[in-house]
């Protein structure tokens, strides 16, 4: 529980004159669920974009399991096991639910170009295995019955769930969840929270969550880091954060 | 689902058999000459679609046909290289060029890519026109040798050319179909629909797009080279913007969403073009509005036609 | 190479860039609102020229009056095209490409067959040359440059200060937000098509006497206009297009004079491709699919 | 919305039917036909020339048939023209030629433009006489059944330069500004040699693209080299170029070397001073033109109104007349070997003038018909073409052979 999974060291990113992330240091421990919260425009999404490789930092380092992954492309980051979800359910809209899942197995495929082109035994076997695993994950997430639906027809809640299922299918070591509870009713929120916990406990996946639903965050996370104006203003267990002055000020100041 | 697939493969088999038996049933050089050119454009149109599914719309595929045609024609005219080898070399030349160009241009998306490829088609034509010491510019390359097997010259006989083009088309279609059906195809589709998400799932977008682009262009090069040795004449106008647009029409009018769309499109639109030639110079007056009408009623292409009937009868 | 030669190249480039601007401006407005590439836009230019030829040479109208009349007629045609064809393909790029090609073939062919095979010409209104900073060019071109500039400025002012113009800009920036504010999408796209078609017709009518009339004259101009607007930023408002057109004119002029005409065209296309590559993200990113 | 679409569809279908039905209903009459195929680009880049040629050929054939057709070997034939559109593409040209030969069994095919050359790959093995109209130098190379009665660029150049060297001695520096088609390419190859032959200095060549309309940059490149004579064609593009050259202060001469629309010269209107633009054309309506061409022009304008056909349309009357006369003389309509033999061994009286066949020394076959060269000048102040001299082919051909024949 104590060795670091991901370390952000002195991370900086600016858009023109605006400093979106400023000298951010953050350590994510292996096996924990870390909540990343902050007012709107605090730079949370930018942090995700930096980790996952959409942006290159102006300075600073990102270290994942001892390896410097600063400035890698998103697919290279994903290759190392860091998988993220997106704020607005981001799916492959014209593919079926099952095909959506199969995209995610891409990383685990060991059948090379020729073997998959020639439809070799190995690749067929592999695909069968992936399908089976995909169905398992869908069942686990409770949307197994929708496997042949086109994602475009799914209700919002299911789309978000599928987004998480896809991320899981990519065999992550670490998940970056971006507002997974947006637009859900309380019941759905509860289900989602318990599922995320289950993923964390049963599969030992380290998770970072960005979320505005404070109650859920407090319930879900082992630790919470608060940022504002791209700077970390507090870090600690939920109870500690709840009473932190700087945090209350940041949120009050916003509203 | 499974049944559907079986019907599809059965239909496919039937069409392939018809394709192979056609010259036996009906040895009509004119029809054969039309069909074998349609086969050439089918390859280009399906290639156009292969690039399209990765989210890139190209109006420049004829440029790669040109590369194949000029490479192979020039090699056979100047160095006596066998046209059979030329087919492969033409394809490889187009493929290599596409690989290099693809790595640069495929990073650009949306309408910019459309226009860059339009530029590409125009540049290639201008280039063949300009490089006169080698290509004879607008005079074209005359008397490009044809194919032969041992001492048998294909000559004026359309049948061997028909079979050759049929085989080339089947091979190209098979490869591109396999590619789309394999895990590579899923990655390509994923890129087309949401390349940010795909990239975050570990799919290297440039590499996969270049793969699709290169594959499509390789086959374009091969059929371009075939074209040169079949027509025995290579002219820059055949590989500029207008032919590229034609390829694109075949693909879109047929139905870009489905693998068989461009095939249907090539047959129907090219057949229509040929049929309308009885109207002589008035042909575009009918052809143009027909294209508009097809797209107005079938925005998903001709392949949507049976579906439409199916749905309306269901109601 | 002395200063005078360079000046001549600049003037030649500007003179062709100014006329390109009119076509490119209309095209980019239509793209900005309807989000389709109208490949038949060049045909509106061609139709404008033929319309002026028909009105001034056959019907005997005054040249300037003929241009205004042609602008109205072609704008009306544009409205029809928008209403029955393009509106339903708003932001659906793929089928609309084929639609515009069908339209292009139809318009070209009907002009060819409708006006006969012989060459047509519009009698120039202005004769004589002007010598400007040691470079001589025809008076006609100077006038065209001036009229084009006036038209473009009028469009800029319209977009900036008139209410319908502001609506166009609003929709170009954010269609959804604008429609929430009660701007009618349909009337904006109709207005855009009117402006675009009228500008293209004006360009055709203005250039008719200077160049020649040909039923295929639209496509080369369309190609260059496309290049100009991607250079300036597709769908971006006026500034980019003006810059883009002038750059195209200048590059073409310099490259032709310094290196030669055929290679100049290749260079022109290469430069555009190169610029697009180094600055793809600098322009508005357009998603291809709907 | 739906209704409009439906109406549109109905309209289009009826339009299609209206065009198609008359073709389908035209039944064959029980007369023997001499079929001539025309592999034309009725759509595409060369459509105007092809359509003009189609119309004027049809008029001519109608006239011949009305007079009872022609008699070959005791049998009366009507002439039937079969037009096939190749869309100005190579594959279209091959398909059209295949259709004409295979379905209609034609023995003579006319074509226009360079991509049409692709048809020779079909016509040669089928022993079908192919009448070409491309300036491409290799078009005839070792092609036994290919015939070209199309003014050679080389011959025009020689005739015009000879005229200029004799009559306009101040021309010393020559440059080439030409569209980049096959005649342009040919000109850029032959002109340096020709200029040297006539004691002129060749100072450079630039070929521009076919769609070019703005020549200011190109002229800014060429005019500082101070040419006295700009060699170009007499088409619309060249007229524009000439007009703009004068706007740019050019004071010298122009020489067109190919045929083109005479009306294109109107573009330069009064811009070019009288007699400064010379070309191998003839005003088809004027008295200077051969009688047959004059009559054709009249007939064409009666039927299709203003806008006289292009010069190129008349060229095809050469082909028509050649075929008509040759089959009569050969006494057969389908033995192409014999017809070709008769064709190349005789001298013919064609609309364009006396024509005989040459070319063995250059292309390996005698497939090139040579005819008189008309040297004309544009009189801008009167907006008309003035014929200066008709130079017989015999006066030009020896020079051609001396300079360009293969040793």
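Quick notes on this structure:
Labels for the chains are A, B, C and D, by order of writing; each one numbers its residues from 1.
We adopt the following convention: a contact is a pair of C-beta atoms (placed from the backbone, for glycine too) under 8 Å apart; a residue touches a chain by one contact, two chains touch by 3 or more.
Predicted, not measured: the structure shown is a model, and the values here were computed from it.
Relative to the C-alpha centre of chain A, the farthest chain centre belongs to D. Between B-D and A-B, more C-beta contact pairs are found at B-D. Overall, the chain located most centrally, as judged by its C-alpha mean against the mean of all protein C-alpha atoms, is B. Measuring from the averaged C-alpha position of chain A to that of chain D gives a distance of 72 Å. Measuring from the averaged C-alpha position of chain B to that of chain D gives a distance of 34 Å. One finds 41 Å separating the Cα centroids of chain A and chain B. Spacing of chain A relative to chain C, judged by their CA centroids, is 48 angstrom.
Residues of chain D in contact with two or more other chains: 8, 43, 45, 47, 51, 180, 207, 209. For chain C, the set of residues touching two or more other chains reads 88, 109, 112-113, 219, 262, 265.
Multi-chain contact residues of chain B, defined as those touching 2 or more other chains: 126, 129-130, 193, 281-285, 289-290, 296. Taken chain by chain, the contacts fit none of the simple shapes, being neither an open path, a ring, a star, nor a full set of pairwise contacts. Contact between chains, using the touch rule, shows up for A-B, B-C, B-D, C-D. If you check the complex, the residues on chain B that touch chain D are 28-30, 33-34, 37, 40, 126, 129-130, 132, 136-140, 142-143, 146, 155-156, 158, 227, 230-235, 237-238, 243, 273-274, 276-286, 289-290, 293, 296-297.
Interface residues of chain B, counted against chain C in their complex, comprise 55-57, 104-105, 107-116, 118-120, 122-123, 126-127, 129-130, 192-193, 241, 245, 248-249, 252-253, 256, 281-285, 287-292, 294-296, 299. The touching residues of chain C, counted against chain B in their complex, run 31, 37, 39, 85, 88-89, 92-99, 101-110, 112-113, 219, 223, 226-227, 230, 234, 262-263, 265-266, 269-270, 272-273, 276-277, 280, 283, 285-289. Contact residues on chain D toward chain B in their complex (touch as defined above): 5, 8-9, 12, 15-16, 19-20, 23-24, 42-43, 45, 47, 50-51, 54, 83-85, 87-91, 94-95, 98-99, 102-103, 114-115, 117-118, 121-122, 125-126, 134-139, 141, 180-182, 184-186, 207, 209.
Put simply, chain D touches chain C in their complex at residues 1, 4, 8, 43, 45, 47-49, 51-52, 55, 180, 206-209, 211-214, 216-218, 220-221, 224, 236, 239-240, 244, 247-249, 261, 263-264, 266-267, 304-310.
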